[in-house]
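Encoded as structure tokens, here's the structure I'll be asking about.
To keep things simple, chains are lettered A, B, C, D and E as they appear, and every chain counts its residues starting from 1.
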């Protein structure tokens, strides 16, 4: 069994979906129950990864490889390193919680809803597990369809527009990405005489800078739209606003990470020359900084609760991409941690919006106010989520942001200084949001008798809060897990980085006494 | 030589005139008659080119067979009304321009490549009449299309029957 | 060694209390459902009663008693532990105890500026040395007293558990701040106290002003924090570490020459850190949040916005004293900012009528003093003032809280007066506090303030201009403080009779802390008497000696006694005289000749009636009426504060909104617009393509021929 | 005055006939006439084939022409059949009146 | 067996023979054995038998080739060539014919035009296609093409009392005949240049001339007009939407896949055979045509409301993709064409079959509104349609992705990056209009409550096409291996 662990993790949600399809659509109770069981099972089977993973081993672990389409050189290869481990755990947990959170929010077409969710779960896991570019691309695209339906069927008033926008945007990007993949694929054939999509093989390629740049831009379009980076971000607010709560949660927490993951896993290692090309770095960092500040500024102005959170994602993801293109260990590690953090905190924020929406069916911030009186538990949870998102120390956001800033600072001080303004603005819009919705007097009689969080809803939040605290208080395991893969990436992209000085065997600042 | 030349131009004239009349006559029956004229002209050209069998086929099959079919249909669909209506589509001038352009282009292309076809080669030594030769080639080299043509005709017959019959 | 090993427990015990309160507090202290604070007109008929008055009659349930015991109790335990630890620390040779519990941020390798490979790490490590020992004693000691006081003060409030939860949480973060052994962990406390400040300012969150103030505090602090973060990053990049010990070792190693001319990287670090300090310690230009923060409950103002949190900036600068010593330019900035803030805030305090706002500006001003001391290199004096200030300012705040409590929430001094007999304990303790802050010899404030003045005057980094500023500020301080005393307690009552009838002295649970703090305010200074008072044994100067291992800087000591004792005596006399003059003026205007105020109002009134804004008119009218033309500068400064500084903040906010609007516009019309245009074009292009299919078979044939024509043309053109 | 007739003459003649037929297809409204015009086009092909056949000195071209004629017959038969069906439902044989299907 | 008709000839002819024989048999039986309408379903059995035997013949040819290790063998003195290419495409035709026949029964019942001739025509058309894929002689190809075309003319007009069907038929016929006139003209020029009608001879003769020789171009251009018409690429595509819309839906399905596949087989034979030497001439030409096709097909589809017509335009755009495989002109591209057409057959058939199922009494089931709320009415159909549409759009893991993948791969290999980018961009446009259908099905409310038409054949056909669309996407290996043999270009 255990040598197929990753496959089990990958296909458990799919199996759950197939069984779900056998349940008659009328029995919604059973469907809900089963979907939750399947979602939780997906999380449960991923837990063994935690102790099966060896943080000291370099390269990929738990690798499974089978021939799949020999004519194309495509294989079924799955494996994890520290980066994917974290993202996989995020996916399984958030996925299970998102399913749990949908219990009462989704009242129609329940079966299809959960089926889409579980399918999507497999797709996302596949993206993070695949070590074959073809497999990766397949999963990458698979994710689109369920999300289209989740937005388009169970979404808000402008759901159709949002759904197709989401789909078209991401699809357009990914098709161009496919061309980039094919270019690498073909170049590999030219250099080595056989076709393969295996990442490890493709990494052996030695391509001239010009070609790398072209491929980089092709990848960039695909990944940047997914992230979304600055000029490609407009699908995000629409998609978020219209998606049902759990959809937004998945979208923000996991789907966006596919873009950053793509940069980390593919753009940097496969195209090292292009990745350190000064112009490319400048452009990407520039876009990241713009996204940080711009996302925050736009958030400040939002009247729509969900849109605010959506734009805040743009800002936070700007940090992630900034960290990546700082191109040093701390930037990269910070970026991964920040991806997890964003998954946790923005996930929570969307769940929070969703709870208010479920009770009041509006997302206008002006409709709320003073909820802290009526829903104290809710307000507390919101406060934690908000603080975690704003990067308060001892909560997760701080670790990620600070590490990214450290990386950025090392690369260029001005970047860090500009990014730091994002920290200020982040606090501003979040606090303002909190104040407008939670504090003050209850100004709307409709809000007077809103029920506070029930146990199920609390159960959704508690794991996330616990996780946020864990990362905030004791992030060491995360850094340890990330050290090997991140160092590999840096060594790949900047071979001379570590040649400046010998790497010390242990941290130079050891515990004294 | 000049006889050939004379007859070529004669038949060519008949062919083209017939063609022009076919596409310009108001009455469909007149068109059909003109088409027959043109087909006969073509048949004459066949004869000039020593394709006697084909000449016969052209006269018998085309002029005798197809044209009767056409005339039948013309009678059947009662084109009297149609004959009173406008005969040319609104785009005829554009069509004319285009076709002339294409024709000019084809002729230009032909003239540039005409070196390949300047003079007819001397006839090959006759090993029998034209019909024998045709038969020989047809059944040796083109047996397959020949059989296939029968299927084609079958399909055409079935098809026209289906289309033309009134009920079942 | 037992207590030292438990040093990490000192912050954790209040944290445990906080966690218990915030998780389970609601069970212990149930809120009646009718207590929803709704806007007027929104409240449901069943609920009926008012909004802001959440004072219920259910105050003293058994469960509340548990809270009342538990929360102050945790702080008390911390206090005991601290005392034990400090006792043991005294016995240690280097008076330094550092313990690392575990690695916190265990980041990856990076290269420092000098090319050395370092690791981005920070520990959960605790450092107890004389500096932090002073701080933990202040925090736990004053904190405990304020906790006790709060039991009485908040007794009738809703959200009791929440209040104590936040308060305990605050103590935890503050202790983390002072006990951290590295800047990053310090930053945890730093941000944490900011958070608690936010939560506690916004404790009455149904009040919009309170919520606004909380937000303002947090965001302004964040601006400073951004500086702090960048400073830390620079520190990482220069030293490869942010641990105090390593940074200081690097600084002391001589690798870094003092940056006397121009601004180098050390100055940059120092200034960035100081930017953080201005935010936290409410220095110019980031000070306007502190007066607004008075929206919070009074014990909070006492604890956070007077005694502890706002002093964190001073602590941090003192902690980084080696850095600042190497960067005289940065130190000068510190001193100048401190001086400017001190006089600015003091002048504003002259005209305030809200009892707590006076104290708030006073706090800003006193913090300015501390920074002046830091700026001139007298770090121990800054800490000394911090320590004395904690006593008397906490006392004054708690006293004012007692007054407010007695008057049922009234904060305007114009509606007080004549209370000294009604609430005698409060009166007497507050007078002690006022004497201390005014710098009357013998009281705690005298010793610290006088030492600061002397250091400013005498230190090689000092300056006569700053000294003058500080002296004027001292006079103003005495004036506004006694103005407060006279307006509140003396004269005839201006309170409406009904309220006056109910005025009563606070319960012992509130007065006992007052008395304790009054004792402290009176006596705490005697451990730092001037060297001039040679007649006293060295044990009266224990404070400086205690701090010496941490804050000493041998290189700078040589010039200290260059000035003559006579000068020092003279200056001491001058400062006392100035203080007495301030008190006398206040007495003259507010006690002896109140009718002069009326006359001044008549004389100067027309000058300000031209102002359209009524609020400003009132403000300035009051200023003229109260202070006369002689203090006109103060009102101008008040205007400066209201108009320019706040205006600047508002302007920045407006700019931000404008930018945001533009961004949205950009998003909707340009970025998205391009996409929409594209989709529109696709759809638009669809029609001509479709229209081509006219349904006419001959048109189709024509297109075929056209196609052929194009093929041929292409060939021929080639 | 009269040049010897070359294959090229036939080709040009064929092209001319092709053009006439094409004009017929494009310009005549009457579908029956359009079908006749198509016959002209096929005849043009046949002229080509015969000319080449003669030119090349074998009869393959003639055989090809037979097949072309066959095809022409088949097309004409089916075309006329469909035309009759069309006429039944639409009562017209004018090409430009048959435009239910468009866009 | 004689010298004119050897055993090899027979071996090569068997599948066509079976198709023609059973075609005739069906026609006869319709008259004499099963005159009653209820009995006509037995004709399907006959048809299936015919296709089965033909398939058996194909399999035997395949076995023969692989056991002998031959790449190909010729018959009828070079008029037929049996190679992997031919077998592969014939497989596609047979599958398409069978599937179409399976679903036609119910559909024609509803249309009230259920005649046995229909099945005979399917077989005869398939017979014509057989020669398009295997023929290596101009005459054979031409007659085969016409056989197929004539059958299709009739089938398109099969609803004799339906105005739209008539119209579609006459349009298709007129334009088809017109374009085959051009084709024949082109063939005549080829013959004139080579002195032979065998493709091999022509290839050799044209190779002796320069690529830019005017007469070669004349042959190329006129032939291309006819070929492009058949595969409906711009600007020779105009008939397609009308014919597709007017024809009975089953015929549309058949027309859009089998006819297109056969024509492409034909086109590939011509372009990579005789015209290969003029590649530098036709490559840019084809590229331009392909781009124009993608543009027109995709753009015109965007605003369609008739689903049949929408799919017609979409199938035009697919022709553009296939053509790009030829533009790339490398083995990958040719294999890509084969794979594309294979996949396209199933997915496009599937999409049309759903429309067939939507045709009920009084409901045409062609408009976008008719698909509204299909998800509620029949989730199975909706999901199948979704799969087909995703596949048409080229979203993995459906088969359509593999097909597009090959085209992109070939283009990248040929370094046609710009073409690749254009082709990629149009995928997004395609998504847009396919998802209009999806939107209708899944989001809108149902327009009517009438249950969908269903029959065993329809269910089976939908099941098979759906299964294959997914299966080829998820595990394409065996199918790719089949296509591997079909590469003409070496």
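The rule is short, and it goes like this: a residue touches a chain if its C-beta (ideal position, glycine included) is under 8 Å from a C-beta of that chain, and two chains touch if they have at least 3 such contacts.
Source: prediction; values computed, not measured.
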Chain labels contacting chain B and also chain C:
D, E
Quick note, more Cb pairs in contact for C-D or B-E? It is B-E
Most central chain by CA mean?
A
Report the chain whose CA-based centre is farthest from the CA-based centre of chain B.
C
Farthest chain (mean CA position) relative to chain D:
C
Inter-chain centre distance, chain A versus chain D - centres from mean C-alpha coordinates, in Å:
66
Averaging only over C-alpha atoms, locate the centres of chain B and chain D and give their separation in whole Å.
6
Provide the C-alpha centroid distance between chain A and chain E, rounded to the nearest whole angstrom.
43
Quick check: how many Å separate the C-alpha centres of chain A and chain C?
37
Which chain D residues sit where two or more other chains touch them?
7, 18, 21-22, 25-27, 29, 34-35, 51-52, 55-56, 58, 60, 63, 67, 70-71, 74-75, 78, 81-83, 85, 88, 95-96, 98-102
The positions of chain E in contact with two or more other chains are 139, 142-143, 146, 150, 153-154, 157, 160, 169-171, 174, 178, 182, 192, 217, 241-242, 432
What graph shape do the protein chains here make by touch: line, ring, star, complete or other?
other
Can you list every touching chain pair?
A-C, A-E, B-C, B-D, B-E, C-D, C-E, D-E
Interface with chain E, chain D side, in the complex: residues 7, 14, 18, 21-22, 25, 31, 34-35, 38, 41-42, 44-45, 48-49, 51-52, 55-56, 58, 60-61, 63-64, 67-68, 70-71, 74-75, 78-79, 81-83, 85-86, 88-90, 95, 98-102
Write out the stretch or stretches of chain D touching chain C in their complex.
22, 25-27, 29, 34, 95-96, 98-103
In the complex with chain D, residue positions of chain B that touch it:
1-2, 4-6, 8-9, 12, 15-16, 19-20, 22-23, 25, 28, 31-32, 35, 38-39, 42, 45-46, 49-51, 53-54, 57-58, 61-62, 65-66, 69-70, 72-74, 76-77, 79, 82, 85-92, 95-96, 98-100, 102-103, 106-107, 110-111, 114, 117-124, 130, 133-134, 137-138, 141-142, 145, 149, 152-153, 155-157, 159-164, 166
Residue numbers of chain E touching chain D in their complex, please.
138-139, 142-143, 146, 150, 153-154, 157, 160-164, 166-171, 173-174, 177-178, 180-182, 184-185, 187-189, 191-192, 195-197, 241-242, 245-246
Can you check the complex and tell me which residues of chain B touch chain C?
89, 91, 94-95, 98-99, 101-102, 105-106, 108-109
